[in-house]
């Protein structure tokens, strides 16, 4: 941990105050641009210091707040609203003021990335303002769904290589394979972060449901591309912006990509994932279970159905797909034979199936009572 | 005034509640889309009724708020922030939820347009939430500056005809003249309102400062277009979205258009407006002054310099430009000989000059002490 | 007829010679740009004079040609090819050299427009070179099919108003109606004439086959736009560039628009035209036939089937559609009640039907033996 | 050499004949599309066979040609023109007919690539028709100059890697370096070959004139990118389409890129190349000269100035730049220390300078009398 550069932090805070005091729009824009630059010049430690100061010095006006509290009548909406305004922090206005400048949105996303990388509990009010602000700015209504392919600018494609979180893209040749005729890739983009995906998903179009990620990634594209495919497999979904953690886009992305694929390729009848089980090995080791090939699938099924936290599956990937209304369709031993796959789940992978007809019912059963939908193959296992 | 369609209002409110209760993102999107349609189907009276119900029924949770109030410790940022969250209304979350759907942004803009057309004081908390929400969404950082010309889609150009608020565009031929080689038009656009300008400004490029709007609008384009021009005159600036009233973009638009013109045409040395004096005639009539041509310019100067409200000029157009740092450069009798021009100001118009070198000083003198900057010609008048 | 400006013509010819003599690409480009300007500055009479000089002075080199003729051995391809090269005129190389400059393509199109407006027989070799050159440049492979709508730049839309040759577009409101949801418009464009349609066709989407142009143009768009339509009617097709006369694009445009509509709207089952009969009235008057309403349709049918020139129908519109393989589907009296419609055909219009299943057979029967395809309604008439 | 697939060749020739016989535009389009496919399916040997048949069977009609020859009066332009038309081969019409189909232009470019790869003298008339046709289609007026950067689609960028002819691009990282802020890349594109550069040039922006390709390619981008640069160095120019060999675009590309750079970066004052001397080593070896470092520059100067073919320098790169009007500015020993550089020129490279003020005079002196322009440094050498 380096020492914060206190001078820089102070200069930055002074600019923050000046920006909030300024009335003239043109001057505000100029000052906001300066501030964006100052924020970019702070290292992580100094930014942490700044966050601490924002917590203390940029809350709501105590005077206004006390006045609003003294007067408040909870049965009068206007009075409650006055309290709400009086409790709105200067931070909130500051973030809005910064956003006016080019690069302002990115600056706030970065600020939250640092806040999360350090400890948000060190500056909980600031962390809350950051999240609330970004949640509003990155409302799905402001995002655009875009297809990513080999026609996409290289400057965007290199972001895929950088951000791919599930199955590393090892080279431009590997990337090109993932954008071939029997593959699809889609991302959400925000107008203020041009060329920067917020999240993206990779899809394989195949005949039948794939049971192994190494086969799926390693096989050459069939000559007729997507023509014969009946199955779309979501095999990787990556959030790109650390500063947007917890502001979820994944469910909507899956839904809208499913719709886009249905429209483009009516012959697709099966929509599934090929997903890791990040916690399987740890759970098996805890329970003294061995990765006996004959028993591995059964262990995985038990892990998915029985290992819980707060009445929902322990496995975070399972929680995500089950809440979306998918069902556990198949368990694939030897699904991921890489060292990483072996380390997290003895190589087991799962297909979660997104079946249009049962999605809503599954979702409701799951959210209301924790019921986990399973397909016949998994049913047979247990 | 028609009777509100109470059934429709209730169905809409029920959808609002369902939307807030829903957890699944995909279902929320679907419900939000329904709600956008329902809102569009309400007439003004019914929407007014809805606004009243949002005021009462969609505030913050009283229970949470009481709890936060009981606990609050104003010296602890996290505690204050909890109060802030507890005081955030369900309306606010509702607007965010609606925005997820296509057309959602427009629906909220329209809701505020109706709120303003009726009486915002009938639902002050709702009106405040609407304004705060839209102010955040329409942050300048999310707007793009775009040049509008004869190459622009007709679907956008017809909006200019519809929205032009200052000097009516009488035909497509008139519009075309305003987009000719010696003219410029720029607007701010928002990604969620594609093809809909938020505000636009019309500029004439001329040799010398124009003194009459009818000459400016009526003269044919010179053969060499903008080549010989030394002056850019902002002769019309129109806000397009009633629902964004009070969320000002004008100052920034002028500033950025000035920069864009400077970059395109370095030979431009004078940036002025040709502006109306909307309150001159009423003020003169109140003071028993007659439109004697020999005295009219002097009356106008007195009106600008002496007629005040809260220590600032009475005239709203003067207030806008002076606050931006412009100075009163010239008073033009016979500036607008149309019936409208005559009715509002006995035909007088004003050039406000945006002089780069003095803009900031003028702005500060004006905002600090109300000092009004004037050019030598106006000085000579008084 | 004005007198040609001989000095200008000579200067232009000198530039032509210099351009052909120049070897350096960069200098050629500069000279070509000058020449484009000089050509634009010539009036029609002077251009006519220029065309005459191109005919005499810019043929092939007589010396080379005589040499090639002396040597020629018709059984040796290379020898024949040498003759071909030797017989290629300097004009041809000149047109290619001009095309290098911006605006060069347009300059040659304009040159042919003047050639056609005067008498091509005054300069037959030049006229032939112009046609051959433009036919190659405007090969269908170089044209793009583009949909034209209300989203299209106004600068392109005003060309529709200018070029519409069949049913005048009377205003921007009229134009907008023609681009409404139940209408389509498509054009061919050439990359070197940006924003300039080469040809465009207007289509109405209706329930049933329209029998009257005034009803079709005057009716408001149905609320559900194109949703209920089963019929696409090509009601106007306009060539835009006089200089491309005789280089036909109409058949391919109809074919490709039909395909585009089929892909967009699979519910369309009938593709027809609503076409004028330009020569009906003159023919009836020649034959002493009266426009008795009870007999008019029968007269029109006889005109179409019996009035011929070189064994094909006299009517040029009929010749175009029948050669394309369409059949005469219906004769509509009162199809065009405008003065123009009355003057050319006593108001009669015809639907030619493009029926996918019979198009090729019809085309072949027509081109081989002049057989005219007719539908049952017309059959019943005769 | 494989055996030609005679059946395929015959089927292709039959389709060619059918295409020329067809009158209906729609059917022609269909047939042309078939023919494009058939041509793509022929291997090189079979295509060679086809070219031979086109030579014999698809010339002009002997009957028409004899008739035109019998009649010809060389003093009558129309008569000469008739001879020209009669001598136009069926091949020429065939190429135009193929071009109507999607992929048609590319098919003809490929056909010429095979013709050049085999021996054009085996089918001289066909080779001549191919060249004439492509020269017309790829007229500079139909090409667009486009900047290529890291924002360019990856599908275009991979073409750079494929086509780079001078200094191999070894990886995507290498490519990215070449598109960094202190580099520029421009290409000519043709509308019928979308995403396919016809030619491209790579430029380095530096302080001072670079003397070594390995330094230029290996140095990291300066922090301030192109800001401090005063020199633009064209260090690689690659023709991409084998089928367009001999149809030169290089001179115009250099000229237009120079103009584009001048407009973007007025501070650039020196435009040079860093070019290889492909024939130096062979010439030195022939003359028994050794690569003694003290003498190498002098040998290179003698090679450039004295080694000639047809009164012009033997070195093809020198011929190209000198004809463009550049001068030999500097000779750099150790300019290219790669094995390839050593093998062709003992590592020597040359800067040719494009000096706006002397370009035209140099070009004329060179083309008229073979005078070679040299700068003072080279002058001092000799």
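Miscellaneous remarks
Just so it is clear, A, B, C and D label the chains in written order, and each chain counts residues from 1 on its own.
By definition in this document, a residue touches a chain if its C-beta (ideal position, glycine included) is under 8 Å from a C-beta of that chain, and two chains touch if they have at least 3 such contacts.
Please read all numbers here as calculations on a predicted model, not as lab measurements.
The fewest steps needed to get from chain A to chain C, moving only between touching chains, is 2. Of all chains, the one whose mean C-alpha position sits at the greatest distance from that of chain C is A. In this assembly, the C-alpha centroid of chain A lies 36 Å from the C-alpha centroid of chain B.
Rounded to a whole number, the gap between the C-alpha centres of chain B and chain D is 56 angstrom.
As a whole-number value, the distance joining the C-alpha centres of chain B and chain C reads 49 Å. With touch defined as above, chain B holds no residue shared between interfaces to two or more other chains. Inter-chain contacts, as defined above, occur between A-B, A-D, B-C, C-D. If you check the complex, the residues on chain D that touch chain C are 23-27, 29, 55-56, 59-60, 62, 65-66, 69, 72, 74, 77-78, 80-81, 83-85, 87-89, 96, 99-102, 104-105, 123-126, 128-129, 133, 135-137, 139-142, 144, 191-192, 248, 251-252, 255, 323-325, 359-360, 363, 367.
Across the interface of their complex, chain B is touched by residues 150-155, 157-158, 172, 176, 195 of chain C.
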